[in-house]
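Both of the next two complexes hold chain A, though its partner changes from chain B to chain C.
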Partner chain A sequence: MTNLTVHASNARTRARRIALPTRPSLLAGLFLVGLNVVVALAAPLLAPYPPTQPSALDAIEGSSSAHWLGTDQLGRDVLSRVLYGGRYAMLISLSAAVLTVVFGTVLGCLTAYRRGWFDEVLMRILDSVLSVPAILALLVVVTALGSGAPVIILAATIVYCPALIRVVRAAALSVVGLDYVTAARARGEGFWPIMAREIWPNILDVVLVEFAMRASWIMLLVSSLSFLGFGANPPTPDWGLMVSENRSLLTVVPLATIAPIVALATLIVGLNLAADGFAKARGIDRITGGLR
Partner chain B sequence: MSVVTEERTGVLAEVSGLSIAYRHGGREIPVLRDVSLSLRAGEALAVVGESGCGKSTLASALVGQLRGGSRVTGGSVRIAGRDILAGDARTVRTLRRQQIGFVPQNAGHSLTPSMRVGAQVGEVLRATRGMDKRGARAEAVRLLAQVRLPEPDKLVDRYPHQLSGGQQQRVAVALALAGQPRLLVLDEPTTGLDVVTQAGVLALFGSLRAALGISLVMVSHDLGAVSAVCERIAVMYAGRVVETGDTRAAFRLPAHPYTRGLLSSVARIAVPGLPAGMPGSVADAQEASGCAFAPRCEFAQDACTTGAAPRLAPVVDGAAADTPRFSACLRQSEVLAAPAWEARVRPPQPRELDEPLLQIKGLTVDYRRRPDPRTGPTVHDVDLTVRRGEVVALVGESGSGKSTIAWTIAGLRRPTSGEIVLRGSEENAEAPADLTRSAARRDPAARRKVQLVFQNAGTSLNPRRTVGDAVLRPLRLRGLRGEQAREERDRVFADVGLEPGHADRFPAQLSGGQQQRVGIARALAGGPALVLADEVVSALDVSLQASVLRLLDDLRDEHELGYLFISHDLAVVRALADRVVVLYLGRVCEEGPIERVFGETNHPYTRLLMDSALATEPGAHEQLTGSDGEPESAPPAAGCAFRNRCAEHIDGLCDRETPPWQELGEGHRIRCHVPVEIGARP
Partner chain C sequence: MLLKTIGRRLAYSVLTVWLATLLVFVALQALPGNLAQQLLGQNATPAAVARLDASLGLDRPAWRRYLDWLGGAVHGDFGRSLVSGQPVLSEAGGYLRNTALLAGIVILAGITLSLVLGVVAGLTRDRWPDLAISGFALLGMSVPEFTVATVLVLGFAIDLQWFPAVVTAGPTASIGQLLPAVWLPAASLTVVMAAYIIRMMRTSVIDVLSAEYVTLARIRGLSSRRVLFRHALPNALLPTLNVIAVNIAWLVGGVVVVESVFNYPGIGTLMIQAVHNRDLPLLQFIAVFGAATFVVCNLLADLASVYLNPRLRTPGRAG
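Now for the complex of A and B:
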């Protein structure tokens, strides 16, 4: 039996830790997203003025020590409105992205696991949903059901779920064929434990990237809706709405239009960098199986 | 070789003092250490060793193409007198184009899937020999014929995915030959091929050498494959050449303990019983001082672990060989004087086996969606019995339905017809279980009695879960929780030779052999009566193969397990199995006790398998002829499935009627129209 004892302490098997995501692009992305979230949460503490308080005397001013980013046509402080402006869109896009990812992952894994007619029918349904442009579908829903936040969240989820299901399905398909899933099926495990234990940890990279991407797209979509007048209602401070309100004064007080755009851009760029960083960090992971 | 011209007397490739290091995690890890070799024109050199010994790095250094992140830390590789690692890109390209052909590992991946094979060969011809389109096509046909592919004029217009694995390998060889190289570097050229195909490809290398007079460097972990082709050998361990010289002499009387260990790890088709193997793995190689092999070496003394690594010294074995032999061992004379490796085989134990465990009758699995009069079902009318404590080997080439049968037994496929019954133990008066149901519909007790062990340990474990977790899961399904489950896990770990400390590791932190042990532990944790072992050792290095085979053998006695042992490797089957069932295209053509099947009288297909396997054993002296035939992809609707490849088939009978069983006694029977007296081995 001596040759059966495996030597445990060799260089290759020395215990190593799971690598932490330390890529610069990921850190930069997470920083930008975190900054936006913190600002939105702490807006009441940071904002120098109430965001919806008009002041006819101060209307349409450039930047000054009293109003760092100037004021808009109703004399509201642009800085305060920018600080508050992300709350509405971020709340909606975060909720919608979480819902999208939850439904998308479960359905994507299920269809990859079940295959057969279930897969066939679901894919055809998704094709038909995918063939409708997102903004158009959203406009129809908002026109029909009103522009309340729950309606927009639900509509965005339905619009973005199909693409996510497809991506997750593709990732899960490459896992369900592997022997460890076969082993789980052979020992009689059902769908939920197989998904949670065998499939999910191995497609987590895809799901994280998709989450960040979807969040940024929904953010843009909701801002576009507000810009078009179907999202946030005046006088709510919202970046999309602010651009819409102030774009006629672009030559007079450019900051009132540019500031919300820059704010939105930092969030979107942050989300994309984070998505990219996750993809790369986990990509390296894939080769070493979660180790460095 | 036959013609010795002025040019051929010279050295074609010379590796001198080559050291290569690979950067990993901020450290430089030496991959090759001070390797020196020379190859004269027309010679064939084999480079052997376990994985991780630097064989592939040496092969890529010979073609001047180092893996990203590696660096030459000393020495040179000169091809036809010019340094291939030092020149500028243009010189290296010219040198490669004019001198070297390379056949990479896994030919299927080295061919472009979107290009016809003729166009791929033609591309090389136009680039290296300046041919026009028409000339290139004609030459491509000639090259494909040279590598003995059937109907080369039709094959040039096929895509790689339309070819079988063996055919893809031949196309890759044709591709390497297209530039008329003088040196052909082959990286694991037969790994993953079936025995018959492997023998055919190896025979091709032999005939190409004779026809073209080119030199070969063949990197392989398969000692049998290289001994069939190469007259010179270099055994590598931990980045160093530890023994080099005449292949036959080295295999007959190894002068280095590592060569000896490798040889004693190989299962032999001619020798019953389990190979001895050697302890440890390459990862144990010490970096500090002395001989890297010392920790695994039975001859090691204190002197072996201090000072510089031993240098290659001439071997004094008294035998006259064409090529002088060198070995890097301080205790060479003791190694040479030690008794031969054959003495250390664990002989097969006689066993009393009565109680049937698994009974399959008339199993048919049909994948076809619509009835097709030209083909038959994938698996047809298979009868199979496994008794408690018995190892039944299911043998056949890829596509013979071995895995389909295993998956059906495991409940992952539904049989089209037939019975599969798992008998309960008679002592405990358990009821028999019907295994034609899918795994999800089986009674949990019946389900856990059947366990699978997979070929590829890497993909059979979830990379994101610890291996302890992989074993705990089946225990949990058995109702064991908490402390109880952990105790049972440690007990199962101990059974397969793992330590409790391994439980917190991830699969990537374990070696291939350890991963396979975890796979076995997971199967044991279910408390099985029947283990379906699907090619469990074919992806492992020989030394690990030997230890896993011994483990399987120990476990069946300890737990009274029945195994259905699926393998295409007859030597491994001979080492472990009690009974053999030979399968061709989903039909059983021969079955019987191991000694009878490996005896004199065989089905023509068994004989083909056996001859191919015998010719590629280490130290085989027979001339390798090899068959170029490959299994058909679909079984015929009627008659004997093997008739198209059978030399003895009877027209009008074999293609119409299903062959009858010919009983030869002791449960040995053959399904063939040709009377066995004629079918006997000459």
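Now for the complex of A and C:
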């Protein structure tokens, strides 16, 4: 009976997976994200100049055939810096989003499975972590531990885990009460096999949507940190840092500020479109409230 | 029953804020790293470090310092700023007032605007007004605050020259001095905040319009205006309440970035200064203030939905 149910649900999942790429917003989102990832990976091949090479003679120039997007106040090629500019934030956001999803999924399933005092205590702690606004929490951590990449990854994970744990817990709670989970428990299976075989397939969709959403929020947060001067260090080419560096020249070379903004926006719009499209295709009620 | 639900919510809120103070304290003060050494620099003599340690009270164990801080905080004494030596609360006072002015404008204008746009989008689902509004909302939630602020500066401060690009007034400036400069920061925050509320309100309106009681009201021959304002919208507003609360609390974080773009003398600018100066008591106060704002906003939203929705008054569903 149990096996039958599991197989049936697997078959359903497979059938739905085939029907997936029909959503135009999902396809557009995946295309934008893919484009950004490919550009970031292939930046050394695409960039016409080294991104950190200053050239005093070419400083603060508008668009020209030599420098398509002009140069910044140190004479660095803006196009090259934009092409490289997603690397730092994308790497940090991806690591933090993966860690968030891993910890969030395991803890969310565990607390839904255990219930009782464990659930109660964990929920109260999560509430208090959630109550400190994300950027404030990150600034506190950066003050205490410095602004190295591992610190930011860890801090972003801690800041975004609580919301994910709650979403996963809610999704898992609707599964743990079902007969086939009870049957698995009765067979004497432990938490890990039950989570992997009975719970995980049922919450996979929710987790994927959450992953895309968290990744986009962490990306916004990391860029904001760089903009404030607590993220990427000069001369690293980074979109957030570029905006803060070139902002004073907004009247002279607006492209140097606008280009990184557009690049960042395409990536985040892509992530949001993908999350939206996927959620609609799978009938997930995406919580649009948002805790940034 | 109702009182019990409210009492439980209140108790949880107090517990949450208390836990948040503990977390912030642990992150700032219990972590390794000698504060006195960092404040005095690498060349400080050990005697000078020890003297500063003693005057800051850092020679006592962390749990004692936490209890002292908590005891003071309950009475409104959050310690003294390490930089100016002034009590934290009087140091932050002027900045808090300026942020309150900014936030007040954003909340009044932003929420009204986003609710109206959300309803219009929901009513014109999948037609051009909806597509335009939803596209704007998607873009609004996809760009960080500093980019919205930068684009607005480019358009309204540089091209049109309607508003100043940066604020030159200090924390003690009068409201009249601040007022011309408050609009661009307020607009930047509104764009980002509106995005979430619009999306929620749109979904909510669409859900409610397909509900049976709305269909029934139409069949009964009520005018579509009456159906909308008396039957649909009050119910559509309910799920949006929590989103609004979360976004008001988000403002406390959002202002950090936007205020620093415009050099607006509010709590966010103060926080960036505190981070640069490693002014821990000040930083601790702002973080705890943010947490308390968040908890209070959520509590108010919860109470409002309990008040508006009789079904929530039984504790089982209030959860």
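Everything that follows uses one rule, which is that the second predicted complex is superposed on the first by the 261 of 292 C-alpha atoms of A that agree within 3 Å, B and C clash if a C-alpha of one lies under 4 Å from a C-alpha of the other, contacts with A are read in each partner's own complex, and residues count from 1 in each chain.
In this text, a residue touches a chain if its C-beta (ideal position, glycine included) is under 8 Å from a C-beta of that chain, and two chains touch if they have at least 3 such contacts.
Since we're looking at a predicted model, the values are computed, not measured.
Student: Please indicate which partner A:162 is in contact with in the superposed arrangement: first for chain B, second for chain C, both, or neither.
Tutor: So A:162 meets neither chain B nor chain C here.
Student: Report for A:51: first if it touches chain B alone, second if chain C alone, otherwise both or neither.
Tutor: In the superposition, A:51 contacts neither chain B nor chain C.
Student: Tell me which partner A:277 touches in the superposition: chain B (first), chain C (second), both or neither.
Tutor: A:277: touches no partner chain.
Student: Applying the touch criterion given at the start, work out whether A:237 contacts chain B, chain C, both or neither, answering first, second, both or neither.
Tutor: The answer is neither, since A:237 touches no partner chain.
Student: Figure out whether A:29 sits in contact with chain B (first) or chain C (second), or with both, or with neither.
Tutor: A:29 contacts neither chain B nor chain C.
Student: See if chain A has more residues touched by chain B or by chain C, and give me that chain.
Tutor: C
Student: Would you check which partner chain A:86 touches, where first means chain B only, second means chain C only, and both and neither mean what they say?
Tutor: Once the two structures are laid over each other on A, A:86 reaches no partner at all.
Student: Which chain A residues contact chain B in one complex and chain C in the other?
Tutor: Dual-contact residues (chain A): 288-292.
Student: Provide the residue numbers of chain A that touch chain C in the complex, in ascending order.
Tutor: Listed in rising order, the residues are 124-125, 127-137, 139-145, 216, 220, 223-224, 227-228, 230, 240, 243-244, 247, 250-251, 254, 257-258, 261, 264-265, 268-269, 271-273, 276, 288-292.
Student: Of all residues in chain A, which touch chain B in the complex?
Tutor: 1-8, 10-16, 178-180, 182-190, 197-198, 201-202, 204, 288-292
Student: Name, in rising order, each residue of chain C that touches chain A in their complex.
Tutor: 12, 15-20, 22-24, 27-28, 31, 33, 138-139, 141-147, 150-151, 153-154, 158, 196, 199-200, 203, 242-243, 246-247, 249-250, 252-254, 256-257, 260-261, 271-272, 275, 278, 280, 283, 286-287, 290-292, 294-295
Student: Using the touch definition up top, name the residues of chain B that touch chain A in the complex.
Tutor: Touch list, chain B to chain A: 25, 277-281, 283-284, 410-412, 439-440, 442, 444, 447-448, 450-452, 454, 456, 459-465, 470, 473-474, 477, 497-499, 501-502, 504-511, 513-514, 517, 522, 526, 546-547, 550-551, 554.
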